[in-house]
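Please go over the structures that come below.
What follows is a pair of complexes built around subunit A, which joins subunit B in one and subunit C in the other.
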Partner chain A sequence: MKLGVLSPDRPFIWMLPLIAILIAFTIIPLFYNIWLSFHEYAPFKRALEPVGLKNWSLLLSDERMWEALGTTILYFVVVLTAEVVLGMGIALLLDTEEFGFGFLRTVLTLTLVVPPAIVGMMYLLIEDPEFGVLTYVLDAAGLLDKATPILSTASTALWGVMLADIWQWTPFMVLIFLAGLRSLPPEPYEAAMLDGASAVMTFRRITLPLLNKVIAVAILIRGIDVFRMFDYVFVMTSGGPGTSTYTLSLYAWQQTFSFIKWGYGATLSLFTLAIILIVANLFIYIAKVRW
Partner chain B sequence: MMVRSKSSRMVRTIVGWAVVALFAFPLYYWMTVAFKEGNEIFNWPPKVWSFTPTIKNFEEVFGISFGFGFGEQREVLPGGGNFRMGPRLWDSIVIAILSTALAITIATLASYALSRMNFRGRHHFVSWVLSTRMMPPVAVAIPIFFIYKDIGLLDTYTGVILIHALMNLPLAVLLMKSFFDDIPGEIDESALVDGASRWLIFRRIVLPMVKGGIAATAVLCFIFSWTEFLFVLTLTQTGLKTVPVVSSTFVTSTGTAWGSMAALGAAAMIPAFIFILLVQKHLVRGLTLGSVKQ
Partner chain C sequence: MATVEYRRIGKSYGAVEVLKELDLTVEDGTFVVLLGASGCGKTTLLRMTAGLETISAGELSIDGKVVNTVHPRDRDVAMVFQNYALYPTMTVRENIGFSLEVAKKSKAEVAEMVENAARVLNLTEYLDRKPAALSGGQRQRVAMGRAMVRNAKVFLFDEPLSNLDAKLRAHMRVEIRQLHNRLGATTIYVTHDQIEAMTMADRIVLMKDGSIVQEGSPDDLYDRPNSLFVAEFIGTPQINSLEGRIVDDGGSPAFETGGIHVALPAGYGAHTGRRVICGIRPSDVTLDPDGPLRGTMSIAEKTGADVQFYVDIDGREFVAVAPRASYVSAGTTLAFAVAPEKLHMFDAETGRRIEL
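Up next, the complex of A and B:
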């Protein structure tokens, strides 16, 4: 029997379901989204009408979009840096077979499986101005007055949201870096010890270069998620107070579903998609990440 | 690694426990709220250690004596809504299990071919799968909302299951491929020489060898569906809702039902905690889409 390209000896038939679902759920929606970005909902006609490039020129002149982009970039830089640095520190701390450390590593994995929306609520509670634990601690330590509610003050709200993200995802970095640390060959360390190198020197000259690949993968995967972050801001601040915590994802979602700007929302979401695709692929190319 | 003095080991133990305690604290505190009465939740200073535990919140959320929605509602909570969550938990379970099954089936077939067969453009295909992982959910949710509206999939199990399966496919494909890559290709080749068909080799020889990998992949898919927020928020209205989305509705203009929310959140975390402990061995490989092995 000749099946040609559909034969089980050829890859096509095996990948057919995957190709079908990827086309149906990424390629078609992508083109639909592009089509949508050249249209806008007209409330009086109750229908979409073509508007040409209006949404795209609006995107470039929209101050709120630039503010949201700035917020997203600030959030991205602070959160990712904090997670990588803290993650590395804690991974080095926990990288030992001494009694109890296996338990500690297990406890850290728990933050990863809490739904981010619920983490948002958790920090809403902890940072509550009336009865939040963090408010109490900061107030008692004299760092931040109880009269300054963390999440409803423009200068602190974004930091309050970042804290939830850093809490939930630093353990992600810890686990990945720990796996990397454990796969390191012992020889360079023996040599370094014979040469009398300091711990800092050993870390900078041996550990970091050897962990290059692992760190790059962790930054790539986490970076994608951080840039498109939605859950925490949606739950904790809804972009407020004012417009101080809008990320691009939240702004796009709200334009579409709260303000019925279907075309402009689509344009914003495409803009977010383009940034991620370009930056992530550039990073993959430069850092030589391979799958 | 290096020989260290006793005092530096002491310091390491103390700092290690302190750091992990700091990370565990929000979870602990959330659990205490689930077991607190209203007035104890709103105490200033916040009650961290001493409070009178009660299961009232769980009764309110799940119906009296955990009857999954059949009990009497005892009182109207802030916002006046119906906070009985048995059916919502059911929605979460159905969606997570079926979307996981779908993603695993599709991914296992495709990743077997990606691991075993050489063809032109294989590298580009893997890159395409990876790049779908980069799409921001909002850029998928907006067009899918309108497409679903037209074809009647809005607010249905099928609609959410399909989109959750899609969301998990890049992870499932790349992770399963890494598990297939672990098994030497000579096994397939010698069976092929003996006259076995590809399909038979896949089902009888290779598939049983990656059982552990399938289980680990399935657990991660389940967890990501269980915790997903944006798609369910966007693509459902009144017919169904998963736990993360429905808990966000506990925040209302007349106040937040913290006790009920914490009880629901705590109940939602427990299955995920158990699952994650089961796949510890493959967790890092899973989180890095198969590229870092433990």
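Up next, the complex of A and C:
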């Protein structure tokens, strides 16, 4: 049979669908976004007008942008740290052949299949000032007064949102770390035991160095996601109270869809993309992550 | 330095019993080799000594103290693993010094001990390399160095040479034995290679199916194997075994098989008529035109100093070692004699040695 142009020797034709999808949904939107950032929607003319670098100079002098960037960085650092530390701790606890632990490892995947918006709704209920479980527990423990609603107090709202993120995504870290832990060779551990090393020493000197690539990849994947976080704040606080929980993504969304400032919204999202690209590549370079 | 005592030691995985009520004493400062085929339980016994396997039954004591439930890190044993078990993310220096670092020795002390060990093992120029950048032999020496700096009560070796090429293996045999002579520490060494056992051991413990078959010095096992199994396990080329019976040959006992009569020491007269297996080591025979062991030689293998003849004696293959000068080409009929006291007699039913 003659395949002609469809022959496997000419892979180009087989790559066309993928290339088409990439162009339609990634390349064109990206360049459109760049183009958009040099324009702004004029409501009275109902048209886009070129504005030059105005959006970019506005970005740098926009106090709300800097506040949102600060919120995003705080959220990023706390959530990522908590997820890595908790994830590693739980992974170490579950890394055993004892009966029943396989079931526990399976159960862990459950939080990952719930849509983040639904998790946001769940935590809205858990942290409800009237009947939320967390409110009740914190009140009973004397840590937080019932009169201080978690999600509508500026000093606690962001932490309330972080909780939902940490609850949902720590298991993701656990699964990645567990896969790493289970693939480690047993011999160095036996040698370390005979060398007299304590559990802490063994973890610090053997497990961590062996897992550093796995940890780096987990931080990279999760870090990019956390930096773009939108769902939880959108559902739980909508940026409030005031502007205390506005992240960069939510702020860009607000500018674009509430204020119909398409050009500035595009500028904000490009700025977010630029930060992620720079930080992620710096991290890949420093952590020597190899694909 | 310590004596290691095993008292009715047993190990089972579920219903599978891999060690059966084993008794053994490893005297302080001796080099004991646990020898046996794969699956005989020798490595399990070693790992139980280290504390890496639990003990199902019996009592293990090191230096007079029962250690059945003592954690490996508190047993003060050093071990060299078959696959070396180096710490992959540490340099050679860190690998060797890790136990000292754990023991909270000063930096200077660690550096000195590591460098001493490295010098003895010819590793000085590799100290800052990671294990992945070393050859098999170098990794093996790092594993040795890690054990050396320990000054442990007992040294355990789990087939440490099995991944090395033949030349390096012979060299490391000598090094390990020299290390033992220098440190004088109690050493338990596991191998399936009888040459390693013969060349290195003070005492050999030959194991089979989770039990000890024979324990003794290399000479004991070679000269007085207590069963056909031991006789066949120890010695290369393998001992020849001919099945036949003890007969009375005009007043003195002889071994008879298919028309061949080999004179036996007088003591065997009491066993006349018994069905036996006669073991003859290939190096115990001499070429002798009047010898009783006669047959057509099919292959002559030159091994350097010697030549090995494969002779068809009464339909069975018989191997004989002779000086190189006696080389003849295949097809020749050869005859061998053997001194009566060199013959090993085993019961044909049980395979046990027939003592005089």
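Operating definition for what follows: the second predicted complex is superposed on the first by the 282 of 291 C-alpha atoms of A that agree within 3 Å, B and C clash if a C-alpha of one lies under 4 Å from a C-alpha of the other, contacts with A are read in each partner's own complex, and residues count from 1 in each chain.
The criterion applied here is as follows: contacts are C-beta pairs under 8 Å (C-beta built on N, C-alpha and C of every residue); 3 or more make two chains touch, one makes a residue touch a chain.
Remember, predicted model here, so these are calculated numbers, not experimental data.
**Student:** Check subunit A with both subunit B and subunit C modelled on it and let me know: fit or clash.
**Tutor:** On the superposed model, which is not a single observed complex, subunit B and subunit C fit side by side.
**Student:** Please indicate which partner A:193 is in contact with in the superposed arrangement: first for subunit B, second for subunit C, both, or neither.
**Tutor:** The answer is both, since A:193 touches subunit B and subunit C.
**Student:** Touch check for A:205: first (subunit B), second (subunit C), both, or neither?
**Tutor:** second
**Student:** Mind working out whether A:233 is in touch with subunit B, subunit C, both or neither, as first, second, both or neither?
**Tutor:** neither
**Student:** Applying the document's definition of touch, where does A:218 land relative to subunit B and subunit C: first, second, both, or neither?
**Tutor:** first
**Student:** State whether A:114 touches subunit B only (first), subunit C only (second), both chains, or neither.
**Tutor:** first
**Student:** Please indicate which partner A:11 is in contact with in the superposed arrangement: first for subunit B, second for subunit C, both, or neither.
**Tutor:** After superposition on chain A, A:11 lies in contact with subunit B alone.
**Student:** Contacts for A:65 in the overlay, against subunit B (first) and subunit C (second): which applies, first, second, both or neither?
**Tutor:** In the superposed model, A:65 contacts neither subunit B nor subunit C.
**Student:** Which partner does A:150 reach: the first (subunit B), the second (subunit C), both, or neither?
**Tutor:** neither
**Student:** Could you let me know whether more residues of subunit A are touched by subunit B or by subunit C?
**Tutor:** If we count touched residues of subunit A for both partners, the winner is B.
**Student:** Closest pair of CA atoms, one in subunit B and one in subunit C, after superposing: how far apart in Å?
**Tutor:** For subunit B and subunit C in the superposition, the minimum C-alpha gap reads 7 Å.
**Student:** Which parts of subunit A are touched by subunit B and by subunit C alike?
**Tutor:** 193
**Student:** Any idea which subunit A residues touch subunit B in the complex?
**Tutor:** Answer in residue numbers: 8-11, 14-15, 17-18, 21-22, 25-26, 28-30, 32-33, 36, 90, 93-94, 96, 98, 100-101, 104, 106-118, 120-126, 130-133, 136, 167, 170-172, 175-176, 178-180, 182-183, 189, 193, 199, 214, 217-218, 221, 224, 227-228, 230-231, 234-235, 248-249, 252-253, 256-257, 262, 265-266, 269-270, 272-273, 276-277, 280-281, 289-291.
**Student:** Over in the complex, which subunit B residues touch subunit A? Could you list them?
**Tutor:** Touch list, subunit B to subunit A: 1-2, 9, 12-13, 15-17, 19-20, 23-24, 26-27, 29-30, 33, 41-46, 48, 105-107, 109-110, 112-114, 117, 119, 122, 125-147, 162-163, 165-166, 169, 173-174, 197-199, 223, 226-230, 233-234, 243-245, 247-248, 250-251, 256, 258, 261-262, 265, 268-269, 272-273, 275-277, 280, 283-284, 287-294.
**Student:** State the interface residues of subunit A toward subunit C in the complex, per the touch definition above.
**Tutor:** These residues of subunit A touch subunit C: 185, 187-188, 190-198, 201, 205-206, 209-210.
**Student:** List the residues on subunit C that touch subunit A in their complex, please.
**Tutor:** 50-52, 71-75, 77-79, 81, 83-90, 98-99, 102-103, 146, 150
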